[in-house]
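Look for chain A in each of the two complexes below; its partner is chain B in the first and chain C in the second.
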Partner chain A sequence: MSRLHVDWTACDGRGLCAELLPELLAEDDWGYPVPKGDLTVPPALEPAARQAVDRCPALALRLTAVSAERAPASS
Partner chain B sequence: MADALWYFARGSGVISLVLLTVVVALGIGARSGRTAFGLPRFAVNLLHRNAALLAVVFLVGHVVGLLFDPYAQLRVFDLVVPFAGNYRPVWQGFGTLAFDLVIAIVVTSLLRHRLGARTWRAVHWLAYLCWPIALLHGLGTGTDNGTAWLWSIAALCAATVLAAVAWRLTPSFTRYPHRADRQVNSRLLPAVAPTSGSTPTPAGAPSPHAGTSPHTGSPTPAGMPGVPEEAR
Partner chain C sequence: MTSVVEAPPGSRVQLRLLAGTHDGRLDSHLAQHGRLPVLDAAQVIGLARDAGLTGRGGAGFPVWRKLSAVAAAGRPPVVIANGAEGEPASGKDRALLTYAPNLVLDGLQLAALGAQSAVLYVPAAAHRPLQTLIDARRRAGLDRVPVRLVAAPDAFVAGEETAAAAAVAGRGAVPADKLVRITESGPGGSPTLVQNVETLAHLAMIARYGPGWFRAAGTADEPGTFLATISGAVASPGVVEAGYGVALGDLISAAGGATSALSAVLVGGYHGGWVPAAAALPVSRAALTAYGASPGAGVIVALPRHACGLMETARIAGYLADQAAGQCGPCVNGLPRLASTLTDLAHRRARPGLPAEVDRLARLVTGRGACRHPDGTARLILSAMHAFEPDVAAHLAGRCLAAGASR
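The block that comes next holds the complex of A and B.
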């Protein structure tokens, strides 16, 4: 399992990620992504998340690994 | 038979110019943050990237074709170092320069996650230098110099890029133009040389979206705390 991390100082609100990951992200009125949950990426969405990380024009996205058991504990 | 290489090299050169034009236009389109041709933003972005990679393929074809062409008499050296060639060195040098720039732009783009956004962006802006140089090269060097069809293609390419750049420079270019006008707390602005006789912004300054440009007010005198937007 992994979790999507948004670097808010880098994000420029271009909205690519919300297009690629509508399951995890919505877009606010200014084009910035709004997390719908804690941004834990289910395995099925992993490829899409990787694509979002790769295509973000501001390099604001990162995937960090979380071990499944500890996932809810740490923030 | 030897002519085949010559035709191939010229053809792939023209194709790379057209592709580079498309790449620049799509890059600007992606930068606007808008969808285009019914495609979502990430698709515009991908199209820009893939068209660039395709342009490199044709560019390599163009260069390698000429390298083995018996007339062009290129040395490997000429592919990297501009303005050293024997034949129309200046025009050919523009080609070498554009080639070097494209390679730099593409390689840094493919490594942008390693290089960081700043470095990548700095190199990427060379695209605006690279494209006109490529155009000059195409018009100046080739055997097709002066033919009507080459001039028409070049004019079309130039019109496309000029239109895109003009659009890039308009205030309504980005998807959220008003965001560009966001108000920055004056304490956070870069220090301005001391101004004399400037009128300080009234404390009850207008709301963030008063429709004025971000730099209307003159710099607030030092020591006057700016009012955070959230405080209103």
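The block that comes next holds the complex of A and C.
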């Protein structure tokens, strides 16, 4: 399984990802993506997810392997 | 706000980091605590784990796990003592660096075993006395790893872990995306360890007095003491040290007691939550979770009954919106909208669905940033909507409960 990662510092809300992946992403009031869940990508949506990653104009999307644990975001 | 207040007799306030002469001098520090024992990195990790030491910068992450992650990277790390303290209501790091800077520098040496250099990241205003001390310690042969001072800008997010790492790498002090953990590879490519200065001071104490001693304070699940910065409607605002689980009333008493009847207390700072002004409420993660709050970095603000909690929260929300680093769309757009919506409610510019809109926006920004700035801001606002629920209803009807309260 993989998961979609949004680099919010790079995303500029062009909206392509939400169009390609309506199952996983909606858009907020300003056009930025809103995850509908934890962004785990079901196998059936992998091709669409890859397309979203490849076509993001801001290069703000990554597909990552799902790992058990993440370190905290702040000290 | 760097005064250290005296604990009244019988209170559960407990001085450790701030015990003794706390004049910041190296000779008094050595007279009081002696030199650090000689330890290797694995021993330091073991001590931190056995003590149950958690980060005192706000997130409360287990220190030993970060130390292990950096050690596992297998390359010389960049080690940063974080004293940026961008939180306006917090003064404990500044107090610690004034009164017991040697404990911080001791702890930095312990965390930096195996590092090429270590960094003390603090506001420029504090640099001169600290540089003098760093030089004196170097001359005395105390610090094997050289310590460099880096100026922390006066900005709320400058103390965020990746922002601190960026500043030390010579970039802007703004948070970074976290796809790659800085403990594996920081902004300069080296594994990077960022620990709050208070955390390091506790580590220096644990190295001398042991995990068992450390655990004698606090609770079984949340051991040790923490520094609290107490302000608002108290007689002697300042910094107090106490074990986790200390009663909120004991902290307020240690700060001279409330100067008027309190309606609520902000715990955990501007990213914290409003809790009832209940004297018996334990200040621990376990007890505060029910209110959406946590001890965080130990910020306690007492709100008097004649002040409006919604107005105060709207003021803080406006400040937090201004302090966004400007990188992430949901934060840049969402926080100002959230703050202005709450401000409308605070100023009784009522319109249908206003509380629901505050709630929607708070949930909308949560989890959608490189750092936890939107999450923390949303948490504070949601806690205010809950804690001041009767006042929300009054404001919608054009009244304010605080306005009628006596001083």
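To be clear about the criterion, the second predicted complex is superposed on the first by the 66 of 75 C-alpha atoms of A that agree within 3 Å, B and C clash if a C-alpha of one lies under 4 Å from a C-alpha of the other, contacts with A are read in each partner's own complex, and residues count from 1 in each chain.
Please note the rule applied: a contact is a pair of C-beta atoms (placed from the backbone, for glycine too) under 8 Å apart; a residue touches a chain by one contact, two chains touch by 3 or more.
Quantities reported herein were computed from a predicted structural model and do not represent experimental measurements.
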{"item": "First (chain B), second (chain C), both or neither touched by A:58", "value": "first"}
{"item": "Which superposed partner A:34 touches (first chain B, second chain C, both, neither)", "value": "second"}
{"item": "Larger contact residue set on chain A - chain B or chain C", "value": "C"}
{"item": "Touched partner set for A:26, first chain B, second chain C, both or neither", "value": "neither"}
{"item": "Which of chain B and chain C A:16 touches, first, second, both or neither", "value": "first"}
{"item": "Partner chain in contact with A:8 - chain B first, chain C second, else both or neither", "value": "second"}
{"item": "Intersection of the chain A residues that touch chain B with those that touch chain C", "value": "10, 13, 30-31"}
{"item": "Contact set on chain C toward chain A in their complex", "value": "55, 57-59, 61, 65-66, 69, 82, 159-161, 164, 175-179, 181, 183, 194-196, 199, 327-331, 333-334, 337, 364, 367-372"}
{"item": "Residues of chain A defined as touching chain B within the complex", "value": "10, 13-16, 19-20, 30-31, 51-52, 54-55, 57-59"}
{"item": "Of chain A, residues touching chain C in the complex", "value": "5-13, 28-32, 34-35, 62, 64, 70-75"}
{"item": "Chain B to chain A touching residues, read off their complex", "value": "30-31, 33, 40-42, 45-46, 112-113, 116-117, 120, 175-176, 179"}
